[in-house]
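Let me give you the structure first, and then I'll get to my questions.
Letters A, B, C and D name the chains as they come in the text, with residue numbers starting at 1 for each one.
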Amino acid sequence: MLRIAVLGFGRIGRMHASNIAAHPQAALAGVFDAHEAAADEVAERLGVRKFPSVAAVFASSEVDAVLIATSTPTHADLVEQAVAAGKPVLCEKPIDLSFARVEACAQKIAGAATPVMLGFVRRFDAGHRAVRDAVHAGAIGDLHQVVITSRDPGMAPTAYIEASGGIFRDMTIHDFDMARFVLGEEPTEVTAVGSRLVDPELMARYEDWDTVSVVLKAPSGRQCIINNSRRAVFGYDQRVEAFGSAGMAISENRRPHMMTIHGATATGSGAPLLNFFIDRYAEAFAAEIGAFVDAIEKGWPAEVGFEDGRRALLLAEAAIRAVAEGRTVRTSEIG
Amino acid sequence: MLRIAVLGFGRIGRMHASNIAAHPQAALAGVFDAHEAAADEVAERLGVRKFPSVAAVFASSEVDAVLIATSTPTHADLVEQAVAAGKPVLCEKPIDLSFARVEACAQKIAGAATPVMLGFVRRFDAGHRAVRDAVHAGAIGDLHQVVITSRDPGMAPTAYIEASGGIFRDMTIHDFDMARFVLGEEPTEVTAVGSRLVDPELMARYEDWDTVSVVLKAPSGRQCIINNSRRAVFGYDQRVEAFGSAGMAISENRRPHMMTIHGATATGSGAPLLNFFIDRYAEAFAAEIGAFVDAIEKGWPAEVGFEDGRRALLLAEAAIRAVAEGRTVRTSEIG
Amino acid sequence: MLRIAVLGFGRIGRMHASNIAAHPQAALAGVFDAHEAAADEVAERLGVRKFPSVAAVFASSEVDAVLIATSTPTHADLVEQAVAAGKPVLCEKPIDLSFARVEACAQKIAGAATPVMLGFVRRFDAGHRAVRDAVHAGAIGDLHQVVITSRDPGMAPTAYIEASGGIFRDMTIHDFDMARFVLGEEPTEVTAVGSRLVDPELMARYEDWDTVSVVLKAPSGRQCIINNSRRAVFGYDQRVEAFGSAGMAISENRRPHMMTIHGATATGSGAPLLNFFIDRYAEAFAAEIGAFVDAIEKGWPAEVGFEDGRRALLLAEAAIRAVAEGRTVRTSEIG
Amino acid sequence: MLRIAVLGFGRIGRMHASNIAAHPQAALAGVFDAHEAAADEVAERLGVRKFPSVAAVFASSEVDAVLIATSTPTHADLVEQAVAAGKPVLCEKPIDLSFARVEACAQKIAGAATPVMLGFVRRFDAGHRAVRDAVHAGAIGDLHQVVITSRDPGMAPTAYIEASGGIFRDMTIHDFDMARFVLGEEPTEVTAVGSRLVDPELMARYEDWDTVSVVLKAPSGRQCIINNSRRAVFGYDQRVEAFGSAGMAISENRRPHMMTIHGATATGSGAPLLNFFIDRYAEAFAAEIGAFVDAIEKGWPAEVGFEDGRRALLLAEAAIRAVAEGRTVRTSEIG
């Protein structure tokens, strides 16, 4: 049994804790949360051990690995501490909003053998992964274009937007990772367009965008188109299309069930899409824990490593500059 | 050029005339309709030759073949006359509502070399035919079950119902033919259930049913389920499913276009289905003319012959008795 | 916390145990299995309490309710014992293969206040339930026809077939329950056709059928068509269609993910269907436990009661006779 | 009857001629083709009048309107001549490959009352039009993003590529028009990326691209993403998606029929997509003739005018520059 502690016991931390508990080779070693009251009460009700501090977690001989689900600004520090303590770590994305901080963290943990895995959960979605697998197996021949549609079901709260680092670092970053996952090659040119259409006032206040289109290009000429919106009223719009010389693979949207209605004015009407990531990627989150456990127990390399986190952020930085300057930005200009 | 005359110049006759005119190897030799006024006016406007009588059509050296689209009670007589005149004939279904009359007609034309083709147009639908072809090519292995869904978009006018011979002879007859087409074997046992749900009063008046379920069984044990309704508010519901030892083929419904809407309460809502047979089977009607022309010009056997019309009616007779007596009726009990 | 003991710790019992453990208001009180060795080992590995006998389960003050997942011949006895002990019970279907035994059991437990729930899990499938809800909410107007397609992914082992009671009592019984669930009215006439197409020799040996079509009719005239096969190579074919005066609702098949491939010879090719009931109805099994817990904790009536089990078996008996005698059998002829 | 002459009697001209002949308010006045032999033979076989010269067409009192289906370099001249002769004209796209020539043509015909219609046939596709109509009717709220997927089924012949003016002027130009049609607003910023992946050698020879991604932005902030490929092995990939504040409308691909196959390794496999524009847009070409006839007979403005042709070419010029310079190009930089 691999004993995993969860740092951060909010909504996402609790979901991870539940997946850890359900995994046949893993056990929940306990939790830590900086905000005592609410999380404590939940932990007590569930009979989960509470650690008094982060230090106590890293010092405990009853903790084999940690999962970081705290707020973004703490991620890099905690990753460094976990590596220093020799505890394998699965960290929620992003590593940090500052590319410089990520670079510093990378240097600090360089050379350490402790597994570090990044929580790009969409890589573990059965449909998206099947697209990647089809590409890698040659089922669509040589890959030419990837099209990623990724729209949230609703605008995030203002406090979230304020701390998010902007749409490219917060939301598109998942798609940058998916692009790399499917392309199988590092994109080196980034072109991006941003608009304020969902909540123009809010976006203007934070110099952010709520509607963006990005085109990535890799040295081979392969292209990836990403389109994002902060609000799709019909649910969480998550599609990945790979187009190649011998065919096309598409991971389509998912709905809570497959019931459709035929009526006098419309046919084939299904339910709205699954509403957000906790529902849409429920199986993927469980599979992510499985991959983390495998990486540690079998000594396999983590399927999504620190470098993947750094690369995705690098593309975000390039996209931000591309919008600002109205031109294609090469990743070599960033780092 | 094969010169084809059309007998009966109502809505269906005109559609056939138009398809004949558009066929590269066929020409419209002229039309005859018993109801002078309306049809004449159309014929004149379109510059189509009018024949003064059926006799004139059959006597004309400028008529190579005839298409019968007159009212049902005239079909058997006209088929006999056409065969007597040596004019190949494509006759709209059914041959006659009386099984005895059909048997008599069969005897009368027996031995004649003149091609007689029946208008079971659904055999020429690309989707239904692809199901049949998949079955015959072994793509689904040994055939086990056929499921035919066939629902009209709306209740026919009372006058039509009155003269229709009942749902089994008028509507299910198409499905009996489709069952034979896909099964590739003669069904010999007929079980059927009838209900009055769409217009109970009208149905009771004519001792008819508007909602029926039929199960056919062939000597090999293969089954075919047919379900009919006189009114599907979402359009003309026409599906054929073939299930076998190695897979399943389904001919799905068709809509006027492939636009779908995703909204806050429903996703994937498409337009209602194509409304009725003139629209749904438009390409099939054209292909039917093509098959008729091929049968004559190339000396091929008609794809749907007189015997197919007789067989379908025989199954209708068995179904009527099965409902009446609440038991499985063997076709050998009918004829 | 509702403490539930599981009787029978085979594959299905273990799945139920896992769902009970994961339910926030329920806990696994322990398990009993007649076959010591294998089950014991699993129980020990999972740290689950083992009861030495059924009697010990019913006597325990630490057991609030029981779930029966033992072999079919023990069901009726265990239900009677559970009711005698005042332990609410969720029993896997069927109650018994003998209609007489079910009637006797019904009499024995008549009047007892102890909740008895039957495991017709498909009622808890989100898609099938959405069809039922659409019907009951009037979304498709007056219901006219229900079409249930239900095909297993592969022929069951010979030992299973031998003890199954035949396809109608073992497999179609789920569809009889679904028919009643969607119809909202008791079917009173049963017509059925059986064939031996998947494994003719095996079926002949047990006087069973592997391919059946059933038509049910209710007093209102509403019809329900059921079609079954013991083997669909493309997976577990589970569809429910409700057709009415104002529209149609369909619960379509489910696949493990929504990835499709477009290639030179085929487009839209998805993965095979989810393979069998443990996968296809995974969420439904969890929801079933939820309904059982709610029934007990909130004093609600069980959503699927003993009478539902009896009614489904009654329809199976009628279907068996309908095939044997080639006629429509009224349920009043059975019981 | 509106008598329409067809200039250019190749494959496309013949298709237009056939649609004109089939239109109830139009008649084929005759044809002219510069290449005598082949076209003449067809015209004779079909009994179509041949004009000896373009001048004869424009001079004829038996020609009410002309359709230009000649080679691209002749379009602008013929449009000018048609306008000078007062003959309403439907001209295949593009007007010319040179933006300067288009501007000159625009000046020459400025002020003339003669209707000039451009053959952007996709506007008449029922599905694409339904998307546009949904947008304009407010069915998806405020429009935010348009995504156009447009991939040819196979690389065009070298001679065609050589004379095409490049992918943006030849192929994307249809999508630029569709973007304007759906956006309902002039895009003013063009960003584009081009790759050589399908036939790198051929593309390099003509300094062309076979795989492109374009992002358009309008003053309101609305975005349109276009992706093109010269070869999709699964058929002619033609999709239009409009995403807005209240929903999404998608015009999906079309296949020759709706038959799907379920097998042991794949489910839902349909036929490849309709192969190319003559098939995919067959109904749209007929509707285009209908719109042309209506524009003339009812005095309605042409649904697609000269300015639409000019605007689409302007976007193509901007895209070419955007790729060359790796930056967003404003349309005001072009003209």
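One rule holds for everything that comes next: a contact is a pair of C-beta atoms (placed from the backbone, for glycine too) under 8 Å apart; a residue touches a chain by one contact, two chains touch by 3 or more.
Please read all numbers here as calculations on a predicted model, not as lab measurements.
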Query raised in the report: Which one of the chains is farthest from chain A, going by Cα centres?
Result: B
Query - Length of the line joining the C-alpha centres of chain A and chain B, rounded to whole Å - result: 57
Query raised in the report: Measuring from the mean C-alpha position of chain B to the mean C-alpha position of chain C, what distance in angstrom results?
Result: 41
Requested in this report: Quick one: which residues in chain C touch 2 or more of the other chains?
Outcome: 233-234, 246-248, 253, 260-264, 271
Query raised in the report: Looking at which chains touch, is this a line, ring, star, complete or other?
Result: complete
Query raised in the report: So in the complex, which bits of chain A are touching chain D?
Result: 141-142, 144-145, 147, 149, 151, 189, 191, 193, 195-198, 200, 211, 213, 215, 217, 220-223, 225, 227, 229, 231-234, 237, 243, 245-248, 326-328
**Report entry** chain B residues touching chain A - in the complex, by the definition given at the top
**Finding:** 233-235, 253, 255, 260-273
Query raised in the report: Which residues, counting only chain C, touch chain A once they are in their complex?
Result: 22, 125-128, 130-131, 134, 139-140, 246-254, 256-264, 271
